[in-house]
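Notes to accompany the following structure.
Naming follows writing order (A, B, C and D), and every chain is counted from residue 1.
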Amino acid sequence: MIAILKPNTTAEQQKSFTDWLKNQGLDVHISNGQFQTVIGLIGDTTKIDADLIASLSMVEAVRRVSDPFKSANRKFHPDDSVIDCSGVKIGGGNFAVIAGPCSVESEEQLTSIARDVKTFGCDMLRGGAFKPRTSPYDFQGLKAEGIELLIKAKKETGLPIVTEIMNANHLDLFEEVDVIQVGARNMQNFELLKELGKTNKPILLKRGLSSTIKEWLMSAEYIMAGGNEKVILCERGIRTFDSQYTRNCLDLSAVPVLKELTHLPVVIDPSHATGSSKYVKSMALAAVAAGADGLMTEVHSDPINALCDGAQSLTPEQFGDMMNAVVSVRNALKGIL
Amino acid sequence: MIAILKPNTTAEQQKSFTDWLKNQGLDVHISNGQFQTVIGLIGDTTKIDADLIASLSMVEAVRRVSDPFKSANRKFHPDDSVIDCSGVKIGGGNFAVIAGPCSVESEEQLTSIARDVKTFGCDMLRGGAFKPRTSPYDFQGLKAEGIELLIKAKKETGLPIVTEIMNANHLDLFEEVDVIQVGARNMQNFELLKELGKTNKPILLKRGLSSTIKEWLMSAEYIMAGGNEKVILCERGIRTFDSQYTRNCLDLSAVPVLKELTHLPVVIDPSHATGSSKYVKSMALAAVAAGADGLMTEVHSDPINALCDGAQSLTPEQFGDMMNAVVSVRNALKGIL
Amino acid sequence: MIAILKPNTTAEQQKSFTDWLKNQGLDVHISNGQFQTVIGLIGDTTKIDADLIASLSMVEAVRRVSDPFKSANRKFHPDDSVIDCSGVKIGGGNFAVIAGPCSVESEEQLTSIARDVKTFGCDMLRGGAFKPRTSPYDFQGLKAEGIELLIKAKKETGLPIVTEIMNANHLDLFEEVDVIQVGARNMQNFELLKELGKTNKPILLKRGLSSTIKEWLMSAEYIMAGGNEKVILCERGIRTFDSQYTRNCLDLSAVPVLKELTHLPVVIDPSHATGSSKYVKSMALAAVAAGADGLMTEVHSDPINALCDGAQSLTPEQFGDMMNAVVSVRNALKGIL
Amino acid sequence: MIAILKPNTTAEQQKSFTDWLKNQGLDVHISNGQFQTVIGLIGDTTKIDADLIASLSMVEAVRRVSDPFKSANRKFHPDDSVIDCSGVKIGGGNFAVIAGPCSVESEEQLTSIARDVKTFGCDMLRGGAFKPRTSPYDFQGLKAEGIELLIKAKKETGLPIVTEIMNANHLDLFEEVDVIQVGARNMQNFELLKELGKTNKPILLKRGLSSTIKEWLMSAEYIMAGGNEKVILCERGIRTFDSQYTRNCLDLSAVPVLKELTHLPVVIDPSHATGSSKYVKSMALAAVAAGADGLMTEVHSDPINALCDGAQSLTPEQFGDMMNAVVSVRNALKGIL
């Protein structure tokens, strides 16, 4: 960490500041320039509050030199992580597509969709059992029964299953779940993240609606710091000033940015990002071209009667059409990205 | 709910749409205008997905006529709610000030600050025991020990105590806590909200960093739907495009908006909103002038050595100065707001 | 336009409201539903202030049924517009790439870059002569001399030229410019737009940093209402809460949204969107896959010595590499989008 | 300016970098720390592109130490500026209220409102003659005739007049205008700002909808760099993710932030910020309590028939009520702020 002092700082003020820093267990390196003095803080600065230092009257500016994320940092782990999801690999050149209904509604609904998406090349089945809804009066999911239906569909089709957790107390129910999803609204539910850090299951960590990329990586870090390094990042649209035509704004530049910062795989969810099935295909193709490691899309056989998010669900046929285009673009990109 | 059909909708399409609506258990009222047909949906529309209907090819626009929040709605509860926090009232003309350190650090620190803020007219003591931190490597709070120290300080000073909960499993530890705080990052931790709805303690519900006012009221609704109507709303700054000089943007127009929409009391936290002690006084006064029911500010006897958020903490003397000004402005406003 | 009345509106209030509407020259269609009354406003509602009506005490909600943009609206012009830029076509399946330096610096610099980008398949040459800079102390461009150098480079290479206008008084200087660019900061400089509406040159209209898609189309409408229908829309990144790793957030979902709303061509500028040359290629490919009609990228032979925006400029070699990949993805998409 | 090099930078790379900096006319001060090397750039760094340097592979981070604004900077001008608007002073303890209709509609309308607001203590009259409207089909103002009516109202009442300019070519029409307003959409119309810098009239510079405080000060700097130091800053709400209940979000923390950064006076416009007359009074009082130097509010005798922005206009009686409250709060704050 570097602190730049204001031009008129007295020697006494400077000494009082460096003494305080030394009391925090840091070494201090002072560089007196012609126009400013720069104090280099050497040692474990992770516990130092940069905002506090910036607020001191003698300090012009403060800057952390090193990234606050360690386990997720590509600098210390240059190779792409490849996450094995019960046989389906993602990352390091392995591309995976996750599809299924927003909510699990019935055995028949789920198994039928599962078979359909498998036919079109889907790698994993998604379906919501516990549903985070803005309103307490909306359908909250089939819960434990929903997970049982997912397990049945997995046995029937062989597709690994992905479903969202909202409460660490439910972990027992997730024993046969292959990938545990953390939703956007729980991205900074640190108590949940810590518990997931103690498991050894792949975690699909969605980006919060207004979370910075750095905050997102710090949430991954919560899981990884607990010992579970199997984190898959999922961008699903951020909140901006304009939501008239799309529910959120898909931030595709997050893909190359994350590829630079971290070794973790990055998946794009065009369904939640746009909120509208008519924009899913073009955003899925854009995600592939941007270098994403996978896609997550909602598919429903009967969107108009879906219990939630029908507006953004593809029919199985539309999903098949999207998959054909995805394969074409991926082939075109071989050796290019 | 109202659905406006596109001009070129055929009679057949219209019939298929209204049949579908009737199957959902709704009555339908059709109004054929010169330029458009408006379908009124009559009955319990809370389970109807407005986005789904808007996505149908024949539908031009959809609009919910009624607010999705019920218990929090001023329409059904015209008088201000007055929340009793172990003797300290808030709302309906009762103004309360909550102050204390960001984190509980030691018995000495907490009791000393508690005595100081009480002297200057503070009504309740705040202090963080469980701390939600962006980084897993930052200080996470004294946890159970922190709550014990708060209880000691309460016994010593008589001030009711306010502290944050991050996990419903910790509820047992909060038995002697007077007001339970839900932090911004947990505003949509619906599992936590549901559990708090089963308690009978006042809940201070902070607004999420990028939560709309409607989403915030729906989170209050989660608590109230469980039977606990003692919700205090706390605005603490929202996230915008500019965070160079203040950490967040304090949305003071939320005060008159909430006064219109809901009967629940509204408290302002200028410390987290600005992130800088030098802006706290002016924003506290602005909050009072805007009609807020209370303030929540961070106070620390030794900000530079605080374990978290020292940059935004007032010293006890600065707090006293702020309180004098608050009293002046409140007196000036008597009979005006 | 539709106004929904509050449930407790009296007959007298309703009459006073409809009388007022009739005085505004509108016909009124009243639909009394079981739970609400809907007033349809028939006639020219473009002059009616929807916010004003919404503010009336008896009105629950107001909704415009028709889009406020006419000339740009695909509903009234179903086929894609094809804009001819001195022989280079864009839109309706015609894809065009515009490249060149941020600022025109010298004849040698510009001609050298122009030759290079032409070799790699660029269709038009861009270069800033009048530069909108945040600071009055920054380089403001070579102005008239810059335009002369662009014209020389055009004669030398045959590439049509694109350059930004900041003041309608400069229009005389733009006689030999092929496409006139309106920058993001001038998207709502309505006086400038009106003057450009009187010319018959193609206008490349960049989206404002925080302009909604509807506002952007209304700005296109200003130009088209004056008689000039040759408008090319250019998305160049919007402003969000996160600007640590990219300067702006490229909103690629604007591409399919605009394809639905308007017949005008859409070009993507990944250089300004990301602010970093290392992210330009992946965002250019994503733009192509999303269905954009063209790209606009900054290229400089010596980015480190560029007078502005060197950080986001590709070298000619990097541009060539990007173009190869663009061609591959476009080939893969034939018959798919 | 300070550049921090990456840990693994070779001596050769470092030399190539410092040589390049010296070629740019800068002196260089090198500080080799244990963990990083810091390069201090000494000399005129205003022409150096910080983004470019940050993009170099060997550079970890770059930081400007000095503010880019000079004339507006309080560091070089510690005392508050007092702007004299034809006899009405603003700044340095002088508080001024500007009121009037959104648009000038007729002599009768304007003079009647002018007399009313004067009675209630208003200091200056506002009224739009040239109106920037999102749609080319909306009322664009009475233009030259509107300015003539403002001049008549000024003669009648003695109130100095404030009106917006959209085009520097119209400056001749503004000879008898006392304060020229630059609207939010033109805050970065640099060509207009430069022309206003050549006048000697007070300029009321509104903040752009998504302009940072620093960009706003840089726009003031454009005017001041031309020789006109009479700039009044006007905050009128910024654009955020939530616009359901208020049109924009009034950023009141801008008041104390600007008071620290600049000597220029700061005025608040609660009418445009909220878009709703029912929220104007509480936000006006909050602005006063936050330390603003003045208010700008819309007043109309007949809001329902106003040609624009009727929803946000106070009636003269509501304005009088607001003014009484403003006086009370200002009295309460004497000696406090």
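Going forward, a contact is a pair of C-beta atoms (placed from the backbone, for glycine too) under 8 Å apart; a residue touches a chain by one contact, two chains touch by 3 or more.
This is a predicted model, so every value here is computed, not measured.
Shared contact partners of subunit C and subunit D, listed by label, are A, B. Of the two chain pairs examined here, B-C and A-B, it is A-B that is joined by more C-beta pairs in contact. With centres computed as the average of Cα coordinates, no chain lies farther from subunit B than C. Between subunit B and subunit D, the centres computed from C-alpha atoms are 31 Å apart.
With centres taken as mean Cα positions, subunit C sits 39 Å from subunit B.
Per-chain Cα centroids separate subunit A from subunit B by 26 Å. Multi-chain contact residues of subunit C, defined as those touching 2 or more other chains: 210, 239-241, 278.
Those residues of subunit D that touch subunit C in the complex are listed here as 20, 46-47, 49, 51-52, 54-56, 68, 70, 132-139, 166-169, 185-186, 188-191, 194, 209-210, 215, 218, 221-222, 225, 239, 247, 275-278, 303-304, 306, 308-312. Residues of subunit C that touch subunit B in their complex: 2, 4, 27, 29, 31, 33-36, 38, 40, 42, 60-61, 63, 65, 210, 239-241, 243. Contacts from subunit D toward subunit B in the complex involve residues 210, 212-214, 238, 240-242, 244-246, 249-253, 255-257, 260-261, 273-274, 278-279, 282-283, 285-291, 324-325, 328-329, 331-333, 336-337.
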